[in-house]
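Reading through the structure tokens given below for one structure.
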Amino acid sequence: MTSLLKVEGLHKHFPIRRGVLRRQVGEIRAVDGVDLELETGETLSLVGESGCGKSTTGRLLVRLLEPTAGKILFEGADLATLSQRELRAKRQAIQIMFQDPYASLSPRMTVQEIVAEPLRVQGRYADDGGADRVRELLELVGLRPEHSRRYAHEFSGGQRQRIGLARALALNPRLLVLDEPVSALDVSVQAQVINQLRGLQDRLGLAYVFISHNLSVVRHISHRVAVMYLGSIVEVGTRADIFTAPTHPYTQALLSAIPVPDPVGRAERDRITLAGDVPSPSNPPTGCRFRTRCWKAQDVCAQEAPPLIDRIGVGHPSACHFPEVPATVGGA
Amino acid sequence: MTESLLRIDGLGVDFHTDDGVVHAVTDVSLAVEAGEIVAIVGESGSGKTVTAMSVLRLLPKAAEVSADAIAFRGTDLRTLSGAELRKIRGGPVGMIFQDPMTALNPVMTIGAQVAEAVVLHQVRPDKKAAWQRAIELLRLVGVPDPGERVKQYPHEFSGGMRQRAMIAMAIANDPDLIIADEPTTALDVTIQAQVLALLKKAQAETGAATILITHDLGIVAELADRVVVMYAGRVVESAGVTELFATPRHPYTKGLLASLPRMDVDVDQLDPIPGNPPNMADPPAGCAFHPRCPLARDRCRTDRPPLLAIGAGRTSACHFNEELA
Amino acid sequence: MTVTAVRTPAGAALRRFRKHPAAVVSVVFIALVVLAAIFARLLSGHDPNAIDLLNARSGPSGGHLLGTDSTGRDVLSRLLFAGRISLGVGIASAAIAVVLGTILGSIAGLLGGWVDGLVMRLADVFMSFPSLVVIVVVAGILGPSVLTMVIAIGLFQWPVCGRIVRGVTLSLREQEFVLASRATGAGPLWLMRKHIIPAALPPVSVVATLAVAQAIALEATLSFLGLGVQPPAASWGNMLTDAQSLTVIRSEPWLWLSPGIAVALTVLAVNFIGDGLRDAVDPRSSS
């Protein structure tokens, strides 16, 4: 059986241009060799810090960006080799929802117009039921259809994210890329949207690529998790693999850095505090990219980039020369 | 009873907008004792930042502040002139803002800005000594190679490094109080961990009391001694950090804790607070939380519950807080 | 904090516009000028081109409210009919500038790369030429006519609008709501129609009003120099031609005072409207 989505060797390099002649003086390797696989109804999370390439990967999946190299196979078909018409049809099946509840909705359109836009773009509005379809979509995400004549700025952050979700669902996608969908929301509202997303997944059989820096949310919503650092995946596995048996030092450090909302025993908690900042993706370190901040780094790490493989037989791969399962991690 | 380091009594802040008066903060009282970390928690629009900014008169002109007292070390800050207040800012009271990029001057070197923070509060300004002190402060907050990096501009610093520089400026004059407004919200989680560790260290070394404004209950649990929870411009609960997390006595606090996805607990469904935060131009009558509250009864729709002491060092503004005990 | 009371963006802009007394008065004034131009035939009572040599150069009287010119034509009717041409030239050339600027600006912003470079250099070329000189030369080669003038003025004014639309497009291109639209398969034409033009409309409407004012002034200048509207057709500019002689300026002020005031007040009013619009569509620009 073929996977819903299969990504092989995905690269996206942005040229850096300087001077009057806009000569290329270097490149930012935002995504540098990413492989992913995703099944119907599954949630795969991409986690990592800013600049790790998770959002760029998401935009490549919905073809907002053209990959520099690599293949994106959706339902077995390579998006790059499809004809214009086939691509148009496949593309509708992959949709995206954005982070910012303010910037992601046009201030000049009513909710009705926003949610109807994908249908109109595709010339499907009348065929899909027009206003009735919009009403149905709004109800699906828990909004009152009576509000469809209002403008987006009349809604709160959580409601706006639901409007964005309704728009993303309009074309009946099978895969939804969720780019930090709850990061800008207040905690009390965040949980509503997360529950909504999970409910919709069950009802509609959607697959999610969930992009987030919030590991608590990721742990709650994911089936599988890929941890990214400087454009590539350093560790990937099931939710349990990543959260209870992480073998890559970066994953361990990320998990350990999350503040635990429980003051009891805070003095005794052991933290891995990473030194320094993420290096620039225009000039990444040789060998293993994490070595400049890693407490385990040896000479080999500077010479050889560790491939993403399962070296110690824990059942999931990690890109570290010296992987090990820690005794306890992140309070789990 | 000895005077608190900072005491705010009956603070109210109104904003006059095109759509009428918005009561951003109403009747907020709080006291900060020497050396303690008090967290003010709340969601956007809860008034937590406005409360803290009103202490040093850092609000925009459109804000109308009223209070019975804003006393720092016994001095009512409201009676001070602009010049006197500037002596307090960056002197005995240090400030750390959420976005160090906008809080730092982009055309001045980091060193010049840190040194300026030092010089401004010297009786006899000594620029050379201040520069040396700037280097020393940057070393203290963990900026690598401070001798070189003092000469750099803010855009040459990463977000985490900029926040370190802000902290250096805040602790430059050995403050008694640090006001930190969402100090790590703009940072990545591993950098956040570095900055939180640094804040803890700075607090331990200077012995300064800290007001920590945040929406992140994880950070509260990590750092705070005492917690003040705000909702719709009012304090709804305050307690010691352990008590607050163990037995929240306001349904909003309880709801916030329940709605958090946890690293240590598995649940199938999160337990969100229903509804949306109130529109501050038109807040609900009675208890502002009643439309979202599982305990709400008729009384909550009409009577606003006062903030009452409910035990040692605890307050709650809920008619039915005893049901949560 | 969410403070929401304004129902539509346009409603809010209208409310801010109303706070601008000069702009509101100007709108009324321009409306009257437009109505007067439209109903010129009804209001004037005279044929603007009827020559009456016996009554030439007579001052204001009951029969001719604003007097007559050197060939005895009624100045008031000429003024009203000239209004048609002056406003028409102003609006038509501003329309050319806005349409051209919007199309080229959004294409440049959307496509980027060498297309953007080409369009912007073209704009630079047009902006760095002294427009009056070029128009004088063109009028000299093609012969003066209203159409030549309208096209020439429009061509020289598009870069202002083009730059604004390009700027709006560039900032919009990275906005998440435009990305969302692209992700559903929207092409450049859709983006232009549904997102860029609506967003550019407020700043463009400001430029457009200012362009109208400039075009009216430019028309007056060209016609005054004899390169614009040709007699016997009347325009405010060629009516002023009479004022070229000192005797007329001294002894027959009715000949030049009325078209002069008409041009000055109209240009001023249109500029006031532009200012009011600017404040209305961009609340940050006003204090």
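Read from first to last, the chains carry the letters A, B and C; within each, the first residue is number 1.
Here, a contact is a pair of C-beta atoms (placed from the backbone, for glycine too) under 8 Å apart; a residue touches a chain by one contact, two chains touch by 3 or more.
As the structure is a prediction and not an experimental result, all values here were calculated from the model.
Counting C-beta pairs in contact, the chain pair with the highest total is A-B. The most distant chain from subunit A, with centres taken as the mean of CA atoms, is C. Averaging Cα coordinates per chain places subunit A and subunit B 31 Å apart. Averaged Cα coordinates give subunit B a centre that lies 54 Å from the centre of subunit C.
Among the residues of subunit A, those in touch with two or more other chains are 156. Residue positions of subunit C touching 2 or more other chains, listed in rising order: 2, 4.
Among the residues of subunit B, those in touch with two or more other chains are 44, 277.
Of all residues in subunit C, those touching subunit A in their complex are 2, 4, 7-9, 175-177, 179-186, 190, 194-195, 198-199.
Against subunit C, in their complex, subunit A makes its touches with residues 59, 62-64, 88, 91-92, 95-100, 103-109, 114, 117-118, 121-122, 150-151, 153-154, 156, 164, 167-168, 170-171.
Across the complex, subunit B is touched by residues 49-50, 156-159, 186-192, 194-195, 198, 213, 215-217, 219-221, 243, 253-264, 266, 271, 273-278, 330-332 of subunit A. Contact residues on subunit B toward subunit A in their complex (touch as defined above): 43-44, 144, 158, 160-161, 188-194, 196-197, 215-222, 224, 241-242, 245-246, 255-257, 259-264, 267, 269-274, 276-277, 292.
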